[in-house]
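Read through the structure below, which is laid out as structure tokens, and then see the notes.
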């Protein structure tokens, strides 16, 4: 009986399949030509030594990658970047979840509040950097001024004098821009929780904190996983904020700044590219961990 | 026993406070930028903190829009021709990229949801994973490619690059939107005699419109804010956008904070307008996308 | 027709904002040569990214392109720029002392269009209030003067020096190294700044001491050179130690500065009596695969003309690289403190006598970053100079 | 176990009042259904009792203690929701044990309570599954289990069976009723399914647009509906209402309907000539043979539907629609006129204007 | 209008076969219901007919033309979906006119067709509204309108009434039936509500786990269910099945159940001593007074439910459960044993092992 099926159905199936390919063809063409091919080319180059100041393009195998492991600057950059990831992910998550909880509560003027919330994320990053550079300015910045006039500090504070505070400040700026994304993702997750669950929990005897811990948190876990992976990828690609606020300073140099310096300042092109590929892989792997561990296990529909 | 009114009141007050903090956090910096752009240069560096400029000035805006402007203390050519051209370029490249991205994503995502063809899921995964690729990683080969097809400093080139950068997000979003549309609508259309493409255009796209608008806003905002790509691929005013022009106001021995903030304020007007007027699409679209 | 050999060509030019001449001047150029200009303006970091990206891709970003003095070694080694010898007016090059900085391997790679060198700028009014009659000439005198000013409460932090991890902090340290009578490297590029009696060490120690003593704003660890200039304009510092010769015109502009009328130039401080300084000029060169090198050469020649340089001084505040032009301006009384300026100009030498090496960017990033660490008290001066030396040696490999 | 007294309870949402002063009492151990059409305020009532909605005015007390402003978690009331509201991330055992955990009941004791409830509901094999791995009926049981495990003073049910299919609904309604009997817990059960309300309850409260129309035992509301609303709401197909006039004889009342006269049960104090609605239940009508008589309804048949067991005949009597439920064996043909009778004691008389019941 | 012939139709999803070779024929103008419990494959069948699912094997032909691999858009079949699948962005008129527009019917002609259909369905006042501005019943009508406006060869309905409330469902089922009669279009109607299937259809197809259990007119499946499955599926409450043994006399069959002997209808060719299930419909049982007799079922009453019109009594007869539907007036008390009788001609005999019907 299988034969009837084979005889009658190949055509429409093939047709549907072809149409499917036709629909995705433009997307694949553009992605292939403008992203995947260049990526492949960069990966290829990272096994060579491409340095315009030297003649030729010798094959060096994994040397670039091996050298990266022993480069103290690179190690510092990695450690800074991991701190950025830690800080921004924590800040974005804590603030994002709080903002989402708040928005979920607010009924009056919610759409305006939402507009205000996502505003920072909509601004061009260049403008973002200008605004914050001006706010953090150690001499005339509004932050120092405000803290001074409130009596929190007694003299102008130099925000970038200590490594952790510098990393933290830069993370705050980055988080300022990216937090709305987390908030929106969490808000979506919150809104998909049936309100009866909270009512049932109330009748079961739960207070606000218990409800958050026992109901809300587990049920937004899959949203959190997505938010976390987003935050992570963006934190790994941290460049603008750190570069504009603190230049090449060791304390705040991110992996992407190191990539830029190696490739575009020191002209050690393949060395820089090898590093950028490692950064990409690292962010993909960490995201995959969230998504596979948290997201997969916490979908309940 | 508890007093419900007192509790409600305390809850309300807490809520209001939280809302205020959120507003301060989100809008404060932008507001400060606005204040800066309205403050005379010499007041900018005064140590006192004013929530509103002591003396209001439009000189920074005059510099942007005026017939002449100052640089290094000298009367030089107005920055308006540059500024207006860059503004125009920003609009054209962003709108172009937005339209193209949305069209490609509308069809592509539909295929990823409703058609089965070999390699569908892995392709989708790869496309989405490209969001993690740092710009620097692909910049040089991409530049080589664009040179070889003579697309440097052309709107087409910039638009294509934007599309490649923002397509994954749009595809992801549109896929979740389509997944939420009941398949019976398409089936009803087939039975009514519509082909697949016709169904997509006549039935599904109008229904997915809020999602398309969200994808469009996202793409537009992303394109509008781009810096690295146009820096390399838009060398001249033929295609150079605002984001690349604004930092040029940093001169060698003079940072024109006022001018930069003024230009920045102008540059955020389109995004702010979008957020204010199309916010509900953006949020609903993002939320639909986030649900998956 | 012979005097317009490139008539009808379009020349692409890539320069930063401060190299971009006003339209009426470039229109004149077009009228004279028939070459129309297609100007691209980019910020300084961005120009470099742009040049590197396109040159690695084997295309010229433009036919006439900005070269900073610090890029000479790299771009020279990479062979990205054509030697200009024979292409452009040699006499004018001779007239510009800083042109030497753009010689790589015996070839003139570019011709400077501005003549920024370091000079001491101070606030006359502050000194007068503190009862100091003349600007300091040695580091110690400067410290003394600063202490007095601080004690009098005229300025909280009289000395303006950037200590952030940016290029401007590194160049200030180079300048002070010269002030302390030394050099960074010997002829074989061996570091000369690691021992406590070396000039480089002393220079850094000077900066840290001034910072610790409260003569430099604690904020300086986060301030770039332009931020320091803001402080000076605002009357918050008395000395712009690593002042840019061109800055004086901004300081004296009442539109932008609250200390207009009080800013004055002085010769660089020094322990040896010689007010050493170095030039940080920027220049225009022609990439090796430029589309129309001939027109680019014509453009460079035009930039070198006295007329253009005077025009650029008026419109952009770029100090003319040619001594003769500077003198003309001074004679005409158009230079503020022109005599001092000219005197200091004569002492402006290249930072590297051998020419800027290819590893300079790595070195300067190391200087800026380690100086910044030392200023923040995270490492000692000795550690800082040792690390700089180590990284310089590593970069040379 | 407790007695619930509600008096003059009102609920306003903003300006709109949706519950207009309800009085009712639920005795200890009683099973009371709230029934009414969609939007009449059943859920709102229940949620006020649970403490999930604030009370606008009036009072509610449980065993004499005013509970208007007691927090829901302190009322010791359990509720079964229409969509069950099971915690999707918790196993069946955890779902049922959640309230015990929150009440800090020792682990062992809680486990025993959960096991006992699971046993009672036949859930023992599923204790480790999450709700999504259960069928609709099993989920319903878990929701029940969650309510009974902590032995509350009051059970509230909000249309707990409406998501189940017909067969399961019949089975579960018996189970719930049996369980409630066994536990003896005072219960309030919201439904819009009259069969559920009538078969399960000790008493039925009929709500309409936020007002109580009638409170009574199932047989009271079926046999002596207080007004037209109750009369048409209870019973399926709905009671036929025929327009007519009341005629009063020395010691007997009659209804004049469609030109005929029907003897009526006693209608004390109703004036002669009053416009009335004569209520006749479809299931009380029987086809009579023989010639046309004064007390037969002559209906012209328009639609006949048969399910085998029953035949529903739809048609007209004068200007009024009329429905008859007949035995499955009988099948009139469309177009034919059939003669029907309903015993006098099964007739209901309502005032045409106010809708109030006139006969005793 | 067309005749649909289906032969040996199978459907596999991956390795799982969900339709196991169905044969059925729908005559021109006939109204056939597909009925069966959830997951039995009703929707799958319908969707294969519509062309929305591929056919794994077997054949379907419409008026003799094989349609297995005809694209849905070319089959000229209209379908009404459970959720109506109205195009939310189009007005009612546009929804109904969509197929005509696609078929390039001239605008005027299309408008007339739409107006006619709207008239027929009482939708004329709503033609300019979008679906979301309509009530559930109105939406249902629009879905109908979309199907009828283009006069297709076949109507398919997939549980079109299941989203409506009980009252509306009764009304709409009459409307649909009337409409189909009037248009005469061949129709296949999927439902899991037996009342719908029985009251609307010319014939009923009973599906169970992807197989046809019985095809017949409503009265056939009610009165002569082909097997135990059909017997218990059709009828509510379900038919009682009592375990017993068939006893064969010279010219008469008897069933021995719970120690008693019941005369049976003729069971040709069934051997004496066969284990059987005796089927008795609850609605055919009546309480008999008088002393215990051989042909009465003695049931001990466990649960009594009454809705006023009817009383359902649940209890046991030996080891079997038993349900009886009695008049609303009668209300046995729990614990009592009642004596019941069902006429011989209403008894059903099934083979205990195979479940097949034994009596004619």
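First chain written, first letter: the chains are A, B, C, D and E, and each begins at residue 1.
We take it that contacts are C-beta pairs under 8 Å (C-beta built on N, C-alpha and C of every residue); 3 or more make two chains touch, one makes a residue touch a chain.
Chains and their UniProt names: A = sn-glycerol-3-phosphate transport system permease protein UgpA; B = Trehalose transport system permease protein SugB; D, E = sn-glycerol-3-phosphate import ATP-binding protein UgpC.
All values derive from a computational prediction rather than experimental measurement.
The greater number of contacting C-beta pairs, out of the two interfaces B-E and B-C, is seen for B-C.
Taking the mean Cα position of each chain as its centre, C sits at the greatest distance from chain D.
In this assembly, C is the chain whose CA centroid lies farthest from the centroid of chain E. As a whole-number value, the distance joining the C-alpha centres of chain B and chain D reads 57 Å. Centre-to-centre spacing of chain A and chain C amounts to 38 Å, using the average Cα coordinate of each chain.
In whole angstrom, the spacing between the mean C-alpha positions of chain D and chain E is 28. Contact of a single residue of chain A with at least two other chains is seen at positions 139-140, 260, 263-264, 269. Along chain E, residues 71 each make contact with two or more other chains. Counting partner chains per residue, chain C has residues 49, 53, 56, 227, 230 touching two or more of them.
Across the complex, chain C meets chain B through its residues 12, 14, 16-18, 22-23, 38-44, 46, 49-50, 53-54, 56-59, 61-62, 116, 225-227, 229-230, 233-234, 244, 246-247, 249-250, 252-253, 255-258, 314-317. Within the complex formed with chain A, the chain D residues making contact are 47, 50-52, 71-73, 75, 77-79, 81, 83, 85-89, 98-99, 102-103, 130, 132, 146, 150. Against chain D, the residues of chain A that register as touching in their complex are 194, 196-197, 199-207, 210, 214-215, 218-219, 298, 300-301.
Here chain E touches chain D in the complex through residues 38, 165-166, 170, 174, 192-195, 198-199, 218-219, 222-223, 234-238, 281, 283, 303, 305-310, 312, 314, 325, 328, going by the rule given at the top.
Residues of chain A touching chain C in their complex: 50, 52-54, 136-140, 155-156, 158-163, 246-253, 260-261, 263-267, 269.
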